[in-house]
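Next come two complexes, and both contain subunit A; in the first it sits with subunit B, in the second with subunit C.
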Partner chain A sequence: MSAPQTSTPTSSPIADRLRRAARDPVVVSGIAALALWVVAAIVSPAFASWSQILTLLMLASFLGVIAIGQTLVIIAGGEGIDLSVGAVATLAAIIGSRYMDGSNENLLLAVVLALGAAAIVGVINGVGILMFRVPPLVMTLGMIAVVYGFIRLYTGGRPAGSAAPALRTLVTGDTVAGIPGVLWLWLALSVLVIWLLRRTSYGWRLYAVGGNPNAAYLSGVNTKAVKLSAYVLSSVFAGVGGLLLLGYTQTVFLRLADPYMLPSVAATVVGGTALIGGVGGYLGTIIGAILLTVLDSFLRILQLGGGAGDAPRQIIYGLVLLVVLSAYGRQRRLRQ
Partner chain B sequence: MASTAFLEMTGVRKRYGGVTALDGADFAAEAGTVHAVLGPNGSGKSTLLKVLTGVVAPDEGEVRLNGRALRPRGPRDTAEAGISAVYQELSLIDDFSVLDNLVLGVEPRKRGVRDRAAARRLALPWLERFAEAFGGRVPVDERVADLDPGERQVVEVCKALVRQPRVLVLDEATASLRRRQVEVLFDVVRELRESGVLVLFITHRLAEILAVCDRATIMRNGSDIRTVTIAEVPERDLVELMVGELAAAESTESSATDEVRLDVDGLSAGRLHDATFQVRAGEVLGLGGLQGQGQSHLLSALFGALKPRAGTITLDGETVQSRSPKQAVRAKIAYVPGDRGSQGLALGRPILENFALPSAGRRAWLGIGLSRKRELAAARAVAERISTRYGSLDDPVSTLSGGNQQKIVVGKWFPTEPRVVLMDDPAKGIDVRAKAELFHVVRELAASGAAVLISASDDRELVELCDRVLVLFEGRIVDEVEGDRLTEETLVSSAMHITEADRAVATTATADTDPAAPEREDS
Partner chain C sequence: MNTLTARAGTSVSNLTRARMPMVATTVLLIVTVTAAATLQGNFFTPYGMTANFATILPIATVAVAQTIIVLSGGIDLSIGTIVTLSSVVTVRLMDGGDPSQVPLALAAGLATGAACGLFNGLLVAVLRLQPIVATFATSFVFGGVALLVLSSPGGTVPAVLTGGYRQVFAYLVPVPALLLLVLWLAWRLLRAQRIGQYLYAVGGNAGASYASAVPVTWVRVFAYTAGGTVAALAGVALLANSGSGDPFIGNELTLGSIAALVIGGTRLRGGAGGAGGSILGAIILTLIQNLVFFAGVPTNARELVNGAIIIIAIALAGLLTARSERAGRSEGRTA
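Up next, the complex of A and B:
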């Protein structure tokens, strides 16, 4: 050998890689999700059945799609968060169902209108946050009330219509290779978003804006445009999630996607996207969405508390989230 | 045992990373004097006083006040020992009244409850003493936010005085004051001296030192050079003491051409007033003077990050209206900001992304899709040119040393092929070797035909690196130095603004900075 490598006295590369993996939130939550699923399968063997796994993934896909935008907004930083995703998803589902009205005829129009309405909410969020400097938390929280108010006005309190058969087939029926269409769709969107974040100038700018808005601005990045786009994309993906939910439930009700508001944030953060911005990615969010869905289903089959209904489940669900999130927080501080 | 001074600091050392701010400085001062601490930028005078006030913890060294050792854990401890400081950056709470600000932290209490009457008795005498500085009124109940900058600075002084200090530190406290306010302050300082208070005074205005100070300690390169009695030393000697013996500056070969690249006419922005100058292609133009005299504002205005009030910028014969950095980048202007941590880099992101940020769009497919291979190749090519050492391009940029980080802030602009490069104190806080390599990079940029504008907090850097230096004072270009005149001594005396004619102008400029004033000719 002509050029002998001077071996540095560090530990072996394998041990090094393992140590790094043990600190990677994506790996950690992946292992946590798997472990939880194994425990659930032992407690209730039905959990391990193929159809049950597909159902779990399908439930996770709604959360996963809604959390796409959440991930983008949180990466873009500046205390970015979009609490209006649940309301926007509901809005899209309600508009979609009225125009579809149970037939395939107006499917395209319905989808365009639903996503268009969602995008408008995103633009309003972005303008409020960027032009009028309303804190994202306050702006999107306020937007929930506005959107639900609008929904009441629009539906008169009684949502009309139902999902188009084609949409229903996409979500629940017609499987390709034994896997429901909605999972294929989620896969396609995931590849798209991960590519967007990792291999496009837009994605790199988004990370830079989140990592250090001053540096990004002084490197010629239009930071406001980047952030605005994140909020618009967030609403649009929430809209897509709402339409998928519509395909699943067939008919809509007024608070359809409400339960996805905080879990979308939780899935993102559990997956390693830091609330300070500039850190993380969508792969983690996918894992986070699956982890939360497994946890939720597991707590359901345990049927805790008997007569107390949902309450004990919710308490445990919340506590688990708090434990996981605080574990991440401490890790980050140690690394700095 | 030798008789000890009232305040004694011995062997004080402080390092920030690889940079030595204080290198075994000794300092002694007596009660009942006004003592100036002098020195060029980066000589350690501010750090020395911050050690005294407990803001900065020294690595080594001892502070003794009145014979007792002082080991402060923070400004609170030194305040109890009777040391009060007034800094240029204000420590007032905008939404509080003047009174509340003055007694903040020392609120008089009666049975555990705030005693407003006592607070008033405590604060009012000082405000009345400074009434003239407030234009004849006593703004005790006014909100601080409603005061102008000069008045706020006076409140800041009162806040220090309310604490009845035995040692009063005035660090650039006069910078935003008008002449009348400075006069009142100096009257008070003289009274304090009579009553046995030690006043430590940092200012960049030599005239003020001559007017009010008894003694002066001259600092250079982190240690004390000499302590003198002001009345016994001619001011020329003071300047000479500050500069020290001149190391022969390495002369670098100029790559300046005759082609005018950047033409700035009457530019006013922020602190900058009416700057007119030209930079030729291949030229390295320095911006000298004391810190904060408008150099940073000039650079950010040229980059579109600060809105100009007036003036035109012409680049290669075409008028540039850079209303945002984005447009400036498009016009092939590059900017290296003064604070790489908060402005230059996304520290948590990979080196690769930081490199690519200004130029990634150019290499992208359809302006969007990036090829990792191409990005890596582009980053590697630059890293090699500027001899940056790194582990992997995927490591966060925060894993690099300060010098290498700074090289990335500069190097990321290479792929944009800049025509104008603006650098705000790029060598700040990096070690000697990295500095030499950085200067090599700057020279290379100039040799490739770019016009380089560079400010530096260290005059020696300007002498080494620049073809020509503009000296700024209080927002105006007051001198232009090149050729044989380009020495550290000229820069320091020019920065201090101590020619006879200029001193008169400087004092009027203190009284009122009028943006509409006609451009002054250089002497």
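Up next, the complex of A and C:
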């Protein structure tokens, strides 16, 4: 009964492969993103222009970089989730902008301090979750209040400074082969993370801990160290995302990266990384981030409702998310 | 006879084990109440009690709603927007101050909450979507609909509700405290029913429940629907407290409901805990916020101190719960 179903003898290998592809989250999300983009381009031809595509990808890159850590934490399992990424990204942007203060002189110091602060939050998350056994959802939720509280104390409610010109050109200006620097950076980080997950022993240990922590422990994997590293990396990548966002907006405000908190989870899950842990990868998250960004931009372009403001956009965003999730983000039946 | 005494023995140890999280919660409650009573001069006056319980009731009610859902093995990140949506529906229907419309408006508000809960329940139990992401998606839907119903803060709540909410009985018993008691009694009643037992069974082990002919799918749908209905009650309490409608009034309550539940000793994985603890958790949470205010912490540091104290409280509660669970497991292995 429980054995995996094999293909019936009559079906050809091609049909079999197609059927498997239809169940692959990366393929489904990719097709959904493409379909949405085609619809958007038909409705508003400007959507299909090269510069608009680059802008879309640039917007997706902030979510994509923040979601790197989210993917690692969710793969590491144990109900792993990091809701503090939005707050940490904001923290990094605020510290970065204060030390850069609109010049390139202190750029390196600012980046080091911003990412260092982010890493500290990650360590606190990890200690709370691993040593005090606070559920990850609650611990990272609670850290949001702590991080924003720290930001309020640090800034007195009025964030200072602005992005360094070098950071600004990296994100919006400097183009290599016609493509903004931030996209090259995202590509490099993506290759690095996918290599880390698929080809290194660290990646294997991460999947092992997420899939079956007891088996991983008995095989000599230091499960706590692996999980701690996932939370620290999550905060650091959130910090990188926050700095990139700073380069885009150039000045900071108190809730800068808040809108990235739950979408980072959604992008990861839409990309096929299951919240139970041990399953998935970063390629899916990239597609998920692009899908969510295309959807968001499309709904903004439609300018639904006019006077009613944001409401119809929100409703449709939620409903489309549900449709995409019900395509494959489903849990197993009780009766197998 | 022997088996009988043995069973009595295990039931006693079961009892003490089940009470461990409660002990942590009670200790926290005593500490916060004592601190609040010393720092807040008017704590034990009709005014102080009314002010405190008026803020506690909405968050405690949402915490109870979340508890019902979490016990069954789910979670609802849209619960704050359900509170908002049912409160704006209610305030739109009773706007104009005509007291005769109040019952209809309240019924419509509750029905809205129940419908939202049912929608969540069907998504999670029948479509089998992962609760965290599914309810995250529906929070956009409910929040958006709330903005359509009431696009900007406004609307007036009849004096029957706002006045009644501020009444005080027997010098120190304000109406919100009585309502809190009623809420707890209703929970005890639910728990005594078969469906109440099913909630724990499904949250504890869905597979085993299914094998024992528990209607798992419908228990989950029930949990979300009941949670949505109770969340609508919190929406009404918020209206009675503030006196007007606001399309964002309850959205912040989602995080508070989860924090209150964990402080109250309910296991986030489901199957253990109870709404009584969550009510105490909500009281502790609110008192901590008041304490930080009354202790004269500088304005800019308040949020940080508040957040840090809540995390420490959760960690303490979690540490004790984890201890008792581990003790329980090793005992099970030797037996």
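Rule of thumb we're sticking to: the second predicted complex is superposed on the first by the 315 of 336 C-alpha atoms of A that agree within 3 Å, B and C clash if a C-alpha of one lies under 4 Å from a C-alpha of the other, contacts with A are read in each partner's own complex, and residues count from 1 in each chain.
Just so it is clear, contacts are C-beta pairs under 8 Å (C-beta built on N, C-alpha and C of every residue); 3 or more make two chains touch, one makes a residue touch a chain.
All values reported here derive from a predicted model rather than from experimental measurement.
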First, second, both or neither for A:Trp204, with subunit B first and subunit C second: first
Partner chain in contact with A:Val221 - subunit B first, subunit C second, else both or neither: first
Touched partner set for A:Trp184, first subunit B, second subunit C, both or neither: neither
Partner touching more residues of subunit A, whether subunit B or subunit C: C
First (subunit B), second (subunit C), both or neither touched by A:Arg133: second
Touching partner for A:Ile315 - first (subunit B), second (subunit C), both, neither: second
Interface residues, subunit A side, partner subunit B - complex: 199-202, 204-205, 207-208, 210-212, 214-222, 278-279
Subunit A-touching residues of subunit B, taken from the complex the two chains share: 303, 305, 324-326, 328-330, 335, 337, 342-349, 353-354, 356-358, 360-361, 364, 367-372, 412
Subunit A to subunit C touching residues, read off their complex: 79, 81, 128, 132-135, 137-139, 141-146, 148-150, 152-153, 156-157, 262, 265-266, 269, 274-275, 307-315, 317-319, 321-322, 325-326, 329-335
Touching residues on subunit C, where the partner in the complex is subunit A: 75, 77, 123, 127-130, 132-134, 136-141, 143-145, 147-148, 151, 206-207, 210, 216, 255, 258-259, 262, 268-269, 300-308, 310-311, 314-315, 318-319, 321-322
